[in-house]
Every structure is written in structure tokens, then in C-alpha cells.
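In the two complexes that follow, chain A is the common piece, with chain B as its partner first and chain C second.
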Partner chain A sequence: MCLFTSDVILTEFFLCFSLFSGGESDKYADYLFFRASKLAYEDRNISFWVISHCWVHLKCRFMTPEGRDFLQRTAKRFMVMDEDVRVEPRLRLRMQTSLMMWYTPIHPEYPKQALPKLLELTELIAGNQKLVSDQAAAIFVTALCAKSMGNMQLFESCTDTFHGLRCDTEARVCDVILVACYRYQFAAQYSFCANDSNGVHANWVEVQGLAAKYPKVSTQNIPSPFVRLSFMCWLSNLALDDNDYASAGGHLKLAMNPMLVMGVFGSGIFVSF
Partner chain B sequence: MHQSTEADMFFFSLLQSHVESFYRAFIEPLLALNVYAESVGNADDAALYSRFLGMMRGIIEKMQPICPGSLNASGAASVAVISRALGDRDLNDELQKLEAALEVATKLGFLPIDVCILKRTIGEWKGDSHMVLEAATKLREHGWIRDAVKTEQIVEGLLRGDVKPGIASKTSDATADEPANVVELRKQIAAARRAANVADEAGDVAGEDFARLMVKKLKKELKVLTGVSGPSRKLSNAKLLDAEISGSKH
Partner chain C sequence: MISNLRFIVDVGVFLVSLVSLVSLVSLVSHLCFSSLLCYIFLIFTLLLFSSQVVPVLEKTTHLTFRHQILLEASYNLMLTSQRQEVHCAIADLFDSSTVETELAVHASHHMRAGHTDRACSLLCAAAVAAIKNNEIKEAVNMLTEALANDENKVNQAYYLGLMAWESVRKLQNDVGGSMAMNGLLLLAEATGDSSLIPRIVTQTELDESHLEWNELQDMPPEDETDVSILEKATSLCMISVAKCIYSPSYGHKVPERLEREFGFKDIAMPGR
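After this line comes the complex of A and B, so read on.
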């Protein structure tokens, strides 16, 4: 019964986060988060505890001193739990991916230390189609770290692996679209770095084709705001290479929405979606 | 909110602390288009691009203490180039910040690309082609071909004399051989721009509009005094360039 209660609370907690509108819903989300954590602790349910804490950064907690203390404590617990055999590989990978997200602003050197561990865990769940979204997230952060550390061979290898990822036939459509979007965004990112304009254009065509492929899904978020913003920036840069100022301006103006720019680059510090 | 947006939020903090290229991919076309809009006399577009440049600078500066790492390294380079484009800050201060950022990024040792970007910017500003070449070589070694190519173009420009060192060009162009009232007017324009950006960052729409109106008014006065404005001088160059490009295409 208790497990059922924590399950319900966890669901509500995610729903509440998804509102993300500030004010009262933030307080409610906080209440549900701590209640879910407490119930998971009382149940001795490690999985629930891990899942709830993997999303601690969503309220941009790393932006306040109290939030940063809380995240540091959570990170230490994650590092201890990473050695615990009761925690299944899927959750260990999720912990590592999550740490890369919200522990990096506190300790920017963390990705360099954690990269071998992340690669090892990704390898452990490779091939399991039920866990493609976890694998995709892990490959994404691995590749971003490889890119920023100047390891383009690893970045290229991640791009290839990402390209081979296929979702389970029972997977939710939104997950399938998400993985597809990031697959193309990722390939375009590599092409942009390698100065291959054809690659960027080809991947943008693929992303645009997704809406037609899934007609029942709202086109508002295909591609997602971040993926759209990235493509518009790259296409604008490429148009400027050809001195095509009209196209460059046209692409960039699609990305020049103050809410989107502040939400993406300012991490929702000023506004939230 | 949809699943995709949740996932986007998931990646942001890492992008800000570790992967700076997303910021530059947005800032670089803004800078280029801002110059172009000014050169063809499109004041509305130029104001729009300037506004977004100011917004990006505000975001980076606000995020720097929260997300140390990349934003404190190459983020400083982005802030500096935006300040140079907007012309509302002392560039010598910006150069000092860049040098401090380079020292820190080199010591940290986990952001080699950021070090290259900082070296490129500092080298370009100081006219030090060796420093820029060093950055280009490193970028090529790391496989960042696009940035390597762009950096090599800067080296060539510096060696040929096409690219003028940033600090020198900004300070000498503005004040050399000009009467005192024109220099004073230029200072007032810079101050009004600064006020507009401050108002923009503070979310004061009325204040920002007022400051931008002041900029327009002062620019008109400057045009009367000097006889020809900067953008229209650039316009003739841009028209020549357009004619050359269209001529070469046909």
C-alpha cells in the first residue's frame, strides 16, 4: 500500500514539475518531492528514491546557495549508491547521467572524472530496446563532454551509436520522436563542427519530416524548442558563410523569441516555458 | 509542457557549464547580421540584433557566478565581442577580463576548446597573429574544423592587415582627428546605448524605449555635424560588395 502511495506521489510530483509555472505549484512540487523521498526511504525502496532524486535540478536548484548544498549532499549519496549492488544498472546509469547535468554547474571538472564510468554503464545496458531513452540520454551527455574536451573521435563514435538506436515497438510516441529529434540534432552538431554544411541541411530535412511521419502528434513541439533553436543557429551560420544575409536573417529571426532565448540560454532563470 | 521540453531542461545546465559552442552559434550570426543591418541602413533590424546581443550578454553575465566553467572561460570572450559590437564598454577592461579568464581556463585544464577561443579573441584584439595561429592549430588538432578554418582566416587577415586589432581600431577610429563636439556626441551615444541595455536587462521597457529614442536623436545630430554617418559610409561599401558578388555569380 505504501509503495502504491509513493508511486502516486511520484507521478503527481512529475506532473507538478511539468507545470513549471512558479508560485504555488513550485511549493506543491517541493512538498510532493520531499514526501515521495520520505516514503521511498520508509519503504526502503532505492529505485524510487533514485528516480525522484534524478530530477532534482529541474527547479534550477543549483542557482541558490541552499539548493547547491542540497545537490552536493545528493551527489555524495549518488556516488555511494553507485557502488551498491541493489541498484540496478539502468538506475546507476540514470544517476550518472543526472549527475552530469546538475553536478557540472557546481563542479565543472566532474565530467572529466565521470566519463569512463558513464561509458562503462552505457555499455552495460546497450542493446536493450526497453532502455533506449536512458541510453540516448547517456550517449548525449557523453558526446557533449567529449566535444567540449576536444575528443572528437569519441564524439563521432557517440554519433554513430546514437544513429543506431531504435526504440521498442511499445515505446511511447513522444519518446520515439524525442530520440529521433536528438539523433538528427546530434548528427547535425557533428557535421557543423566538421564544417560539413550538407550534413546539417540533410539532418534538418529529416527533422522537418518527423511531423509528417507522426501526424497524430501536435506539431507544436516537433522539433522541440531547443532542437529548433540549435538548427536555426547553425543554418544561419552556414548561410553567412555564403554571404546569404537574407537567409541567415530569416533563419535567425525564427530563433529570436525572447522567451525561448532566455529559457534555453538562461536556463529558465528569467522565465520558464 | 511536453516531454520534449522537459528533456530540453534536462540538458541545459550541462550545456552552460561545459559546452559553450551553443552560445557562440547564436551570438556569431547576431554579430554578423548586426554589422550588415547597420551597413545597409536597416535601423530596425540593427536595433533588434543589438537588443538580442545585449540580452545574451546579460544572460551570460548573470549565469557566470551560477554556472562556473565554460561561461567563465569562453563566455568571457562572447561578452567581450558583444561589448565591442555594442560599443558601450571600456574595451581595455574587457581585455583584462579575457586575460584573467585565459589564465583560469588554462589552469583548470578540462576545457581545451575554451582556451583556444580565448586565445583567438585575445590574439585578434592585440593583433598577435602567433597567438591566433596557435589557437587555430589546436582547434584543428581537436577536430573542430569549422572553428579552425575561421581562426585561420583571422590569422591571414592579421598578416595581410585586413583585420585590425580590436582595441586599436575601436579607440582610434572613434576619436582621431574629430572636433570636440563630435567626440562629446559619440560619448553621449555610447552612454545612451549603455542606459538602453541596462534598462533592457532590468526589464524596464519604457526606459529602454526612451534610451533608444535618445540614441536615434543623437545619431541624427551626429550625422548633421559630420555630414556622413557611419552606417551610410558602410552602405556604399556594402553596395560595392553586393555588386561584386552578383557580378561574380552571373
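After this line comes the complex of A and C, so read on.
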């Protein structure tokens, strides 16, 4: 079981669904990013400068030589940012989480190298209820790395960390939903590893119930494409174990929905379940 | 039951005190005082004596009513013009005070005094401070209030940009993206700069902007610069729109709008 597969497979995957256009809208988004981050630089706005760089990795850049050069350049920039005292721990954590997502396809050793730093930064912001969604994302990425490296002790310890996460009572609903999604997804992943079919199903029911629980929030992104894709893969695997090919096929059909694929693989992460 | 009775008695005592005070102050002000601040001071002294106004625990310089009903009762006893004068006096006092005042409180007095421009700039400063402290709900409320009252289009775009940035950060692309697009259009309208309107960019434009970005240092220098609201608004709106294009699966509205209104043809919206 591995976390990040070779980008060659990804390229095939994207070509298969014609998801990589590199056309007018992509150029416009890049143009906006370059101009906006230059203005942030002139404004000396560190937070804006850092976070805008965390966003630009999306849209499968690692698939072209120019895109790879661009990502290498951005990654080097992140390394410098990480050492600057003006960058707060929460921003540094955001950078590390982001790097894990898109730098791994071009630098497969990165999770192993960066894991201690990720753990240290997560520890630094632990207890701050206002940053609980950042913390949840970081723990989730830590769990993925631990699992992919076969460090099951660390993977299991993430369960306790997730249990300890508490949202601020006045937190925004979207934050609460984000944290809940990470929590259920992690719990289901843990159940899947332990071959606990009921656990996966129970967590999927919880995730599906989130939209009804928070009706005022746009239900389009609940659960997020990443969460949906993960659950579809687990559920189809479990159905195959029970020789239920019809259900497995149904889940796979949903999982292969380009909408889901774009949401997850566009970020550069490929999770093999 | 007992606490309810006690409260009714308190309100009664308060109202009687207030009516007596208003009569007394009117009489005295006719005789010798015309200063509004003396009026406010006397009211608060009496309210303090009757324990209806209590100090805020965390900030000894602030007073608050013991109950919201008391606040509303005393507030509604005044005419709108009188209330405005009181707020104006308090806002002026805060402006000239050396003691640090809470920006949101300061802004609310200016807003109620009718100084909309000053109130909006204070609200915006308070919202930016709140965002830094990750108090997003408070920041959004303040920015919404500023947006509703400020008529300057560049300022409106800045408020929209700030809210859009916070929304897309939390993957609310439809909400944030619409705000950011509206912000860009407002900026284009206010400045007459048509390059701010979403459009198909040429390869040369893209290469030039990439080159400029590449030449920037890895971290912004530590010196202070004075960047205009226009530039801040532009950068916030631009990056929020870019994020919505980068991740269409978190919301289709921006890509759809680009296709419908601005002639983009290759929008990737799988599953549509």
C-alpha cells in the first residue's frame, strides 16, 4: 500500500479523462496569480504571499516539464520562507501540508524528509482552537505519510490526536465541517486498514449526514471531492471482498467520476487504497 | 421568580431615576450648562449610583449596561438627533484620547454619529486585525457593515476582496469567487482600467508577468511600503478568482461566469 504513485500513472489518468487543458482559463488563472503575488510582495504582506503560493500547485502542473520547473522553483521558495522568522507557525504548517500534496510526485523522498518538521509544527499550534482546521489537515497528511512509510505506530497515534481536536464554540460552520470530514475520513481509513467493514460504512453514513446537519451551508462541497473519492474506493474494495460486484461497480463508477478525480488529482496527490 | 421581581423593580427604579435625571438636567442645562458631555457625565453618574451601569471587567475604562433592556430603554428615550450628538461627542473623545480604544467600538460610534467614511475605515482596520487573530466571523460582520455603508467603489472592492479571500481559503469557492469577480468589476469601473475585467490573456502577457514574478526575492523585504487600497483590493480579488479557476470542483460559479460573460471557451468543469 503506498501513498503516492508515479506521476506517469497520473498522466495516463488525466489524459484518459481529458482533464488537462492548459488553455485560456489556466493561463488567465496563472496571470492573476503572478500579478496578485507581486502586489502582495510590494505590500510586504507575508500571510498573503505565503498562502497564495500554497494555492498555485493545483491543476496538475507536474505533468509538463515547464510545470515541473515551476514547482521546483516554488518549492525552493517555500524552503526559504520556512526559515524566515516573520512567517508564523500556522503559515509554515500550511506550507508543509501543501508541499506534501504536490511536491511528492516530483520528489518522492520528500514525505520522509519533511515528516519530523510537520510533526513539530503541528505540535506548535496544538491547543489553539481557532486553528483547528489547519491542525486537522496536518494530522491527516501526517497519517497518510505514516501509512505510506509503514509507520503504523505513528498512524495509530493520529487517532488519539484526532480525538483531542475540539472546535471553538464560535467557530464558523465551514470550519466545523472541514474538521468533521477529516475526522470521519481518517476514522474510516483506520477501519479499512483494520478490515473493519462496519466502521467504514458507519463513517460514510456520518459524512453523508453532514449536509443535512448544516443545511444553511452550500451542500455542493459536502463532503469534499477528496472525501467522496476516498470513501468510494474503500466501499468498492469492501464490496469486492463480499463478492458483491454490482455494488463495487456502482461505487467505482462514482469514484471514476471526472468531477471527483479533478478535485483530488488536480492537487497532485494520488492515494492508493 | 424572585430574580424576575428584582429585575422589574430594578427597571422601575432605573426609569424613575432616569426621568428625574432628565428633568433635572434639562432644568440645569437651561440655567447654566449647554455642554453635551456634562449631560452624558451626569446621566452616567446617576446610573452608576443606581448600579444600572457597571464597569467592564477586562477594561476598567469601559462601562456597560447591566442588562440589554436597560440599554435599549435609555437609548430609546432620546431623539435620533440627540443620539447622534451623543455618539459624535463620544467618537470625538475617542479620536482625541491617548488611551487605546477598541476599533470596532470606536467605529460604531462614528457610524451612529453619521461619520460614515471614518466609521468604514475603522471597521476595515478592525476587520483586518480580526482576520490576523483568526476571528473570521467578527471580521465578516464588520466588512459586511462597511460594505453596506461605504459608497467608494475601490473601498467596496477591498471589502469584497477580504471576504472573498477568507471564503476561498475555507473552500467556499462559489461565495468567495462571486465576491472576487464583483470586486474586480467594481475596480475596473472605478479606475476605468479595462485590464482588470476578466479576459483572455495572451502568451506574451503571461510570460511577462511570469518573468516579473520569477525575479522577485523569495521573501518580501522587511522595509515598510505604502501600498494603496486599490492595489490591495486588486491582489485580493485576483488571487481569489485564480483559486476558483484552479479548483473548479469546489464550485462551478466562477468558471461558468467566465464562460458565459467573458467568452472563455476551454473551461474545465468535469461532471457538468
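Here is the rule we use: the second predicted complex is superposed on the first by the 205 of 273 C-alpha atoms of A that agree within 3 Å, B and C clash if a C-alpha of one lies under 4 Å from a C-alpha of the other, contacts with A are read in each partner's own complex, and residues count from 1 in each chain.
The definition used in the following text is that a contact is a pair of C-beta atoms (placed from the backbone, for glycine too) under 8 Å apart; a residue touches a chain by one contact, two chains touch by 3 or more.
Keep in mind it's a predicted model, so treat the numbers as computed, not measured.
A.B. asks: Counting only touches as set out at the top, which of chain B and chain C does A:39 meet: first, second, both, neither?
C.D. replies: Touch status of A:39: second partner only.
A.B. asks: Could you tell me if A:52 is touching chain B, chain C, both of them or neither one (first, second, both, neither)?
C.D. replies: After superposing on A, A:52 lies in contact with chain C but is clear of chain B.
A.B. asks: Just chain B (first), just chain C (second), both, or neither: which does A:76 touch?
C.D. replies: Second partner only.
A.B. asks: Under the stated touch criterion, which partner chain does A:30 make contact with: chain B (first), chain C (second), both, or neither?
C.D. replies: In the superposition, A:30 touches chain C alone.
A.B. asks: Looking at A:131 after the superposition, I want to know if it touches chain B, chain C, both of them or none. Which is it: first, second, both, neither?
C.D. replies: Only chain C; A:131 stays clear of chain B.
A.B. asks: Under the stated touch criterion, which partner chain does A:112 make contact with: chain B (first), chain C (second), both, or neither?
C.D. replies: first
A.B. asks: Tell me which partner A:209 touches in the superposition: chain B (first), chain C (second), both or neither.
C.D. replies: neither
A.B. asks: Just checking: does A:224 make contact with chain B only, chain C only, both, or neither of them? Give me first, second, both or neither.
C.D. replies: Both partners, chain B and chain C.
A.B. asks: Under the contact definition given at the top, report the residues of chain A touching chain B in one complex and chain C in the other.
C.D. replies: Common to the two interfaces on chain A: residues 17, 19, 58, 172, 174-175, 178, 218, 220-221, 224-225, 258, 261-262, 266-267.
A.B. asks: Please give the residue numbers of chain A that touch chain C in the complex, ascending.
C.D. replies: 17, 19, 21, 23-49, 51-52, 55-56, 58-59, 73, 76-77, 80-81, 84, 86-87, 130-131, 133, 170, 172, 174-175, 178, 218, 220-221, 224-225, 257-263, 266-267
A.B. asks: Which residues of chain B touch chain A in the complex?
C.D. replies: 1-23, 25-26, 28-30, 32-33, 36-37, 45, 48, 52, 55-56, 59-60, 62-63, 66-70, 108, 110-114, 141-147, 149, 245
A.B. asks: Write out the stretch or stretches of chain C touching chain A in their complex.
C.D. replies: Listed in rising order, the residues of chain C that touch chain A are 132-137, 165, 169-175, 198-201, 203, 205-206, 209-210, 212-214, 216-225, 227, 231-232, 234-236, 238-239, 241-243, 245-251, 255, 258, 264-268, 270-272.
A.B. asks: Applying the document's contact rule, which stretches of chain A touch chain B when the two form their complex?
C.D. replies: 17-20, 57-58, 60, 62-63, 100-102, 104-105, 108-109, 111-112, 137, 140-141, 144-145, 147-153, 155, 172, 174-175, 177-178, 181-182, 192-195, 218, 220-227, 229-230, 233-234, 236-237, 240, 243, 245, 248-249, 252, 255-256, 258, 261-262, 264-270, 273
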